[in-house]
Structure formats: C-alpha cells, structure tokens
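Labels run A, B, C, D and E following the written order; every chain starts at residue 1.
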Amino acid sequence: MLSAAEISALAISLKVAVLCVAIALPFALALGLALSRLRFPGKSVLEALLNLPLVLPPVVTGYALLLLLGRNGALGAWLAGLGVQFAFHWSGAVLAAAVMSFPLLVISIRAGFDGVDRRLEAAAESLGAGPWRRFLSITLPLSLRSVAAGCVLAFARAFGEFGATISFVGSIPGETRTLSIAIWELLNQPGGEAGLGRLVWVALAVGVAASLGAALLGRRAQARSGEDD
Amino acid sequence: MIEVDIAWRTRDFELQVAFTSDARNLALFGPSGSGKTSVLLAVAGLRRPERGRIAVAGQVLFDSAARIQLPASRRGLGVVFQDGRLFPHLRVRDNLLYGNGNAVQAGAPVAFDTAVELLGLTDLLARWPGSLSGGEARRVAIGRALLCRPRALLLDEPLVGLHREARSQLLQYLRRLHGEIGLPTLLVSHQPDEVRALAEDVVLLDDGRVAGRVRAEDFA
Amino acid sequence: AELLVFAAASLKPALEEIAALPEARAIAALKTSYAASSALARQIDAGAPADIFISADLEWMDWLQQRGQVQADTRFVLAGNELVLVAPRDARLAFKLAPGADIAAALGEGRIALAEPGSVPAGKYAKAAFEKLGLWPQLESRYIATENVRAALALAARAEVPLAAVYRSDAVSEPAVRVIDTFPAGSHEAIAYPIAALRGRDSAATKQLLQFLRGPAAQAVLRRWGFSVAGTTP
Amino acid sequence: MLSAAEISALAISLKVAVLCVAIALPFALALGLALSRLRFPGKSVLEALLNLPLVLPPVVTGYALLLLLGRNGALGAWLAGLGVQFAFHWSGAVLAAAVMSFPLLVISIRAGFDGVDRRLEAAAESLGAGPWRRFLSITLPLSLRSVAAGCVLAFARAFGEFGATISFVGSIPGETRTLSIAIWELLNQPGGEAGLGRLVWVALAVGVAASLGAALLGRRAQARSGEDD
Amino acid sequence: MIEVDIAWRTRDFELQVAFTSDARNLALFGPSGSGKTSVLLAVAGLRRPERGRIAVAGQVLFDSAARIQLPASRRGLGVVFQDGRLFPHLRVRDNLLYGNGNAVQAGAPVAFDTAVELLGLTDLLARWPGSLSGGEARRVAIGRALLCRPRALLLDEPLVGLHREARSQLLQYLRRLHGEIGLPTLLVSHQPDEVRALAEDVVLLDDGRVAGRVRAEDFA
C-alpha cells in the first residue's frame, strides 16, 4: 500500500512526534507548574517568549534555530564541540517539533494546574506528602485531562510540522524527511495529487489514534467522579 | 501540651490568639467566623501566621522570631477538615491509605481493618468519593486522618452530618484512642456533648480573640 | 488599471523594481502575489483572479495551459537563468563540474544543499544535471533538500554546507557565497521563466505590460538581478 | 519605523487573527460543550477530524480549502452564486486561520468544560436557571481560564499562520498579504534579513500583548477564590 | 402535600421509596447512606429516578408512566444542598441573588435585607465564597435558597456546622416563615430538635426503603 519511502517518512514522523512529546513533557510540566504557582520577575516576558513560535511563520522559527544551532551557530558550534549536533540530523527535527508544539503543551498544562483545588494539595501535605509526592499523586492526576489535551495538541502539531523542520534540518531521505515533507513534495508536483490522498489518509489515521488516546485518558479521569445526574 | 500565640490580619479579619494548655485534649469553641478553623490550620501548618509561635507536645512547629516553620508534611498531625477534602480521583481505600504511604502497614497505631469496620466503610472501599453520601464521606475523612500514623489529631467538626448511632459509636472510639494510645487532640465543635467527651480543656474564641477558658466538665 | 501578477517567489526583487519603473506604472498598478510556482498554478486553476502568471519552470505553465487557463498566444519566456555551484565565501574549496568528478571528496564530511529535487524547479534542474554528469550516485545520500532555492543558498551562506546548487540570480545577490562553477549548458534543460496572460485576461493593459516586460527597460533590470535575457520560443 | 506595506501587512494579520478568534469562538464553545457533555454517534470521528489541520502540513490544508472553496470548488461555486467568495479575499485568510486554530480553541475549551463541577450547574438549575443562563453564568465563567488559554493559542496561531493562508488565498498586497507572508518573503529575498529583525520584533510584541491579555483574564478568574494558603 | 413513589438501582445501592404525606412540613430521618439526599434530589429534579411519580402541592413533577419530567429550573424549589455548592466565582451578594434574577426585587416573599440581617451576612456581602468560614458559607447557602422565591424548601441538613445561638435563631426564623408565608418544607436532618421544630410528619428511611413513619411531636 505505502511505498518504502512513504513508510520511512511515516516512521520518521512518528518517531519525531513521540520523542518530541516525551522530551518536551517534563519541561512543560515544570514550566506549567512554575507559571501556575509562582510569581517571579520576568514571568510575563517568559510567557510571551513561549508564544513566539506560534506568532511567527514556522520557517522563521526554523531559520532562527539554524542561526542558533547550526554548525556555525552561536550555540551550535559549542554543542558540536561536545559532539552534539542537531542540524541536518533527525534529532533536529525533534527539536524543531518541540519548539513549535511547546506552547500548546505548556498553555494547556498550566490551565490544568490552575484549576486544581489547592485545598486538596494542602490535605495531602497534612497527610505527610512532600512536594514531589503531592505533585505526582494529587496535582498531576487532577489535571490529567488538561495534560492529555496538551499532549494531543503537541503530538498532532509535531506530527504535522513542516516549515520549521524543513528550514532547520532540511529534507534528507531516511533522516529528516517526514511525512509532512513527503506530502508537501507531492503537492509541489504536477499530478502529485494522486498520491496525496493516500498520505492524507495516513495522517488522518494518526490523528484519530492521537485523539482516541486522549479520550481514553480523559475517560479514566471521568470514571472517577460519580456526580449527581 | 499545646502552646499557641499567633496573629494575622487580612482585609476582612484580624486574628490574635494566644493560649497554652497542659491538657492532652483541647477544644476550641466559638461562634461561626470566630477563627477556630484558622487556628487549627495554623497548627497544622497549612496557614502561616504573620508572627507568633506554635508548639505541640514540646516541639516547636512555628516560631516567626526564630524563623522556624516546620512543613505541614512533617508535623505528623492527622487533620479532619471541616470541608472534607477527600481526593476525588482516589477510591475510598486509597484515600484511607494515602497518609500511610498507600499501603496497609502492620503495627500501625490504628489498625486499618479495625478503623474500617468501626467507621462502617467495609462496603465502600472500592467506591469513588463522588458517589458517597454526606455522612459516608465524613467517615472516610475521619478514617484517613486516623490512619496516617498521627502524633496528634486536629478535628474540625468531625462528627457533623453523622446519624446519632454512628456519632455516639465514633465518640466512644475516639475516647478509647485517647485512653489506649494517648493521641492528643485539638477539637473544633459546636456540640457541647462532643466537647465534653473529647476534651479536658476548652478555649473560647470570639471574633479572632480568646474570649475565655472553661474546663470541659463545667461545659454546658 | 490594476493588474494582479502571480509570480514565482525568486523573481520578487527584480519584479518589485520593474513595477516601480515609471513606464510600468503608466501602464498599470501592479499587485504581485509571490509564492512557489506550484501553489500559484493550483490557485489559478482554482479560479484565482490573476491577470498574469510567471512560473519558475515550464512544467507548471504547461500544466495550466493544458487546463485551458492560459492565453496561449501571449506566452513567452520572460527570462532565463543559470544554475551554479556555490560555496561559502571563505571556504578553500576548488571543484570543477565535470563528468565523473569526485564531488564526494569535495564535500568531505558535509552535504550538498539543493532545492527539493523532486518538486522544486531549481532542485529538479540540479538533479538532472548531476545525473547527466554521472555525479548523482555520489550525492544521492549526501544532499539536503530545502523548501526553495533561497533556503539552499542560505545554508551555503552560513557555511552550514560546503556546497549548494542555486540560480545565478540568487548567487549574485549574496556576498557570503562564492560561485565556484557553472553547470555546463546542456547538462540540464534551459532554465526558463515563462510568462503568459491568463484566460480571459488579455486586456489591453495586460498586453501592454507583457510588451513592456519584453522590452529593454525591464530586461535590463532582470539582467542586473542575475537573470539572463528573454528567449522567445517555449 | 515600519513601511506602509509593512503596516498594511500587520493590519491584515491583526484583522485576520481577531476576526478568526471572534468568529471561531462561538462555534468552538458549542462544539466544546457538545464534546464535553454529550455522547453521540461519530463523536470520535469528529474529534479526529478536528485534529486533522494539526496533523497535516498547513499547505495541504490550504490546498484542501482551495479545492473546496475556490471559485471552481464544490462549495465555492455554490457560494459564489450567493455572492460569497473566500478564495483570494481577506475573508479567506480568516477562514484558513480559523481552520488552523480551531483545534487549539476547541481542545482547550473542552478541557475547561470537563473540569467544571457539575454539581454547581445543578445548583444553578435548582435556582431557576435554564440551560442558557446556566451556561453563561456558571459553566463559562468557571472555565474562563481554559477558554482564555484557548483564545491566546488560537489568536497566536492565526496571527502566525502562513502555509494554509498562502496556498488558499495567496499573497495579495493589501488584501491577503499578512505579516507572516511578508516575513517569509523577506526571508526569501536577498538582503532581507535586515528587515526581518524588525518584523520579528513586531510579531513578538503581538505575542506579548496576547499573553498579557490572557494573564489579565486569568488573574480575574484567580482573584475570585480566596483559598487557604 | 407531597407524594413520592420512586425507585432506582445502581451497582452499589438500590432505592425504593414510597410515601405520601398531607403535612405541610415533612422530615426525612435515617442513618448515613439510607437515601435521604437521594430522595431530596429526586424531588428537586436533579436526580432522575428510573421509574415512579413525584407530586408536590398537587403538582406532578415527575411521572415516568406519563413521561412527565419538569426541569429542575421550573420546579420553583429552594434547595439547601448538603454539600453547600456556593458559586465560587460570584460574591456572596451575587450568590444570594442568583435565584432572583441577580437583582433585589421588591415584594419578594422573603425580603433581601431581612434575610441578610437575620443570617448575619451584612458584612460578608462583598466576600468571595472561598474566604468564608464553614458556618458563614452554610448561612449563605440558606439565604440563597430562601431568596429564590421558592414555592417550597428542600433543606438537606441546613443547620449543620452552625453555632448554638445562630442555630436557634435560624430555627425560629424558619418556623416563622412556615407560619407567615406557609412555605412547605422537606427537611433532612440528624437532629431531633430540628425535626420537631420544622416538621409535622417524619418519614424514617433505612437502606433505601421507608422504615417507618412518626409524628414529629412523638419524635425523640
């Protein structure tokens, strides 16, 4: 059904999206918690910076990543010294996807944390739970719906990412050529529409899977409250 | 046993409460809004006074001058909150065991099975808090506080909403705990019979101040 | 009159300058929508209200023409271009494009940047040329495909890659790169930017503008931006 | 500071983003409520469709809009008969932005509605409030944080939209040439980096304004609960 | 005045309750988890029985056979919930006025100023519910139910957590309402004195069934 090249592109996209969410999630949780619970100088600036990848066209974000993290970029040269290289490597696609979807993740998670009843956290504290256990056993489960919503958004966005990826890491078959790039290529070719349909169905299936996953998590959260009507 | 000397003010309310008591079991008594819950939460470490000092059983929990503020999680106090505060995402069983590291532990001062049976929770262990009746939820809250291996109990109107049999049974049980394992208690209650049964000494609060002291036997 | 021109993005600087010429302004106020030729062609096919289309390759113009969207008698080649190999300005790299040359050695550890060779015009020319020269097998696993030819240029300009294949028109305007060789004529099809009025849009003003674009004033600007002179045929 | 063309692009972007959120919000609220409160056949499919614009590269979404709503498109021809035209008109940019940001809006809002205590809605009902008043006076204000978070995400996404816009309505100066397209054109233009910085600052300022707006809404929501510590 | 004949079963609980009473004021009495709140919520229209019939003051509110189910919002019943349920995003004043279309209305059966004063809420009108003490919140909940121009009151342990003076004052006030505007009441309470003061007839519930009937005077 899918050609080898298409399967490779799909596999790269899935790898990138899964790793993107897995890697970004801890940072997003930490940042979401900080934004929800702490006041600190520069908080508004931080929130605005967070939105930056949303308000800019993705290729600009990709270009900025290249300037910063390319082999000759300010940070890139230093990282290269440590043997770490993002540009033109699939890990760079993960990074680009993470930057693009990070705001979605953080803003959803933060809204979830904002909604948690602080009195329950206090109750947990009185029962001997330190900050760590309180977070894992109370705050996080009680905001699971929002965290799940953020993860779906981030996963889908990472999976569909195109502009930042192609500007930062280009399209290297088998390395950084994601399904989005493959779809874009087809659209750039006269008559490419024919193959397009098939790949769009694949993307749709991934979207379905992602939202089903979230629905499952959400349902687990819902089962827990047996309310009035 | 307990020493409280705390103060704070908000836009709406000024609290300035100081008392010491040698009684193992003390009650706070006073009208609605007089500051009973506030004092109890301060002792629990969940509301931080602007200044003052709190010591229980010889241990200083809070001292603004000495910059001591023991986190609530290390005070070892079993709190029954006036507003319940069951964890809605945990089944009754897990609510009960939360303060015990999520597992039944042998040799705990209050045995899990005993408490569950006495509180009439046997059939409710697998239920979610959202499906409990008012009295059922309250009994779970009491159980949760008892099972966290507390060094003392802070009870904010613990028996409210319970039917008479359940109430008198629980009163007896709490008294027995006092006798058997000598668990000191700070009780907030509007019911004179509860105060008489569970405390030796009563601090009367009114409008954020101590309005008087009574011995529990003399309490009408 | 006001005319809406759909033009391949790489023509932007030259066309802006032409549109600002008094002679051009006398004919019509030009509004220009720049995007990839593919996007523009599809938009025209979907009924976009454009008067003139300038494509970066023949393929998309042909595609539109087959669909009857082009006023065929107005079509001509506005400009040509050359494909060149560029390297970062300060790189000490000598390489000559020739059949069987060792381009892998020239690349060393690095990769070559191309506009996406399957679909973007500049990349298609480059791939065809490398195939003709027998170099493609060395490059097949060594290229980075970019969204458009400017992005390939940017990679060379930032020394992220040792080599990139770009249009001369791009290379001349980028001081951070050095042209190290030109692809031999005949290694790829002639690079042509065909232009045509769209169906039902061949008003007097449109025709006048097309005429003007053919003329010396407009062609001079195009040449200054690195394009080669207009052909007449395809 | 900004040229007339740049100001025009900024104005178009702001107009598009504001209208996008204003127009999409009622639909997102209705859909969010339906997803949160109702069970109906095809619900999972609907949720997956919603994610589709996220999992696809934006240019594909733009192309799909073009096929559907272009003058010769299935729906477009019919709409043209009614005198409504989206393609190559700024209203089409609003539509493209709305499609792209709709999932962000709906998923945030839905998470907010999911988190509202249904017992409070029941209390309102007992006090005589019909469904409409209940929604406006209880459900909506209690999920204001999530709604605000969704609006910021959607606004920022709409403001930054590039791929779907340029493939659906092109880049027509004064009509559909948004700031994102202007930035992209600069990036693809010899010597454009100079002007780029300036426009990126403008976008950053818009991002700051958006997140400040949300923070204000959030703070209002927060002022209302005087909890324990 | 009230006619209830309803049934439902969940995995954990089976309820089957039928009674009629001509008394204007009726109390439900029974142990924790016996189904008192469930019946009250069914009358309020907030929990839908699987089958049965509910009529109050001659009006059929629910009839599964006749497919009648009057929405809660049109039953005109003032409910004091066992779990409070103040709207956290509305100030006390707006909570009180919610059932009255958000505005003080002249000629309401219960005057705003009278209720506020009697409930001791004058100083609390501008406060957020999250900052109220337990007893303060309960008084607001009572006020909110009284002020919604109800045709009848459903009170689920309304006086719990109130201090003795406030409690006896409110008891008197509710009695006066009975006399003056003849507001029928369905009361759930664990306190015999409340039942005696506010009801003429008592339905005893146990484990989801009617366990007996008592006249309030005979109630100990």
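Note that in this section a residue touches a chain if its C-beta (ideal position, glycine included) is under 8 Å from a C-beta of that chain, and two chains touch if they have at least 3 such contacts.
By chain, with names taken from UniProt: A, D = Molybdenum transport system permease; B, E = ATP-binding cassette domain-containing protein.
Here the structure is a predicted model, which is why all the values come from computation and not from measurement.
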Notebook entry, point to check: What is the shortest path, in steps, from chain B to chain C when you may only step between chains that touch?
Noted result: 2
Notebook entry, point to check: What's the overlap between the neighbours of chain C and those of chain D?
Noted result: A
Note to self: As a test of understanding: of all chains, whose mean C-alpha position lies farthest from that of chain D?
What the structure shows: B
Next item on the list: Tell me, please, which chain's centre (mean of its C-alpha atoms) is farthest from the centre of chain A?
Entry: E
Check: What whole-Å value do you get for the distance between chain A and chain C if each is reduced to the mean of its CA atoms?
Finding: 36
Checklist line | Interchain centroid distance [CA atoms averaged], chain B/chain E, Å | finding: 29
Notebook entry, point to check: So how far apart, in whole Å, are chain D and chain E when each is placed at the average of its C-alpha atoms?
Noted result: 45
Next item on the list: Express in whole angstrom the distance between the two chain centres, defined as the mean CA positions of chain C and chain E.
Entry: 79
Check: Which parts of chain A, given as residue numbers and ranges, touch two or more other chains?
Finding: 59, 63, 119, 122, 163, 181, 184, 187, 221, 227-229
Notebook entry, point to check: Counting only residues that touch at least 2 other chains, which ones in chain B make the list?
Noted result: 46, 83, 127, 131
Next item on the list: Can you tell me which residues of chain C touch two or more of the remaining chains?
Entry: 42, 151
Next item on the list: Spell out the residues on chain C that touch chain A in their complex, using ranges where they run on.
Entry: 36, 38, 41-42, 59-60, 62-63, 111, 113, 116, 118-120, 141, 143-147, 151, 154-155, 158-160
Next item on the list: Quick one: which bits of chain D touch chain A in the complex? Just the residue numbers, please.
Entry: 44-45, 47-60, 63, 103-104, 107-108, 110-112, 114-115, 117-119, 122, 145-146, 149, 152-153, 156-157, 159-163, 180-181, 183-184, 187, 196, 200, 203-204, 206-208, 210-212, 215, 218, 221-222, 227-229
Next item on the list: Within their complex, state which residues of chain A touch chain B.
Entry: 119-120, 122-130, 134, 137-138, 141-142, 144, 221, 223-227
Checklist line | For the chain A and chain C complex, residues of the former touching the latter | finding: 59, 63, 66-67, 70-72, 87-88, 163, 166-167, 169-174, 177, 181, 184-192
Check: Considering the complex alone, what residue numbers of chain E touch chain B?
Finding: 12, 30-33, 37, 82-83, 120, 123, 127, 131, 133-136, 138-139, 156-157, 160-167, 190
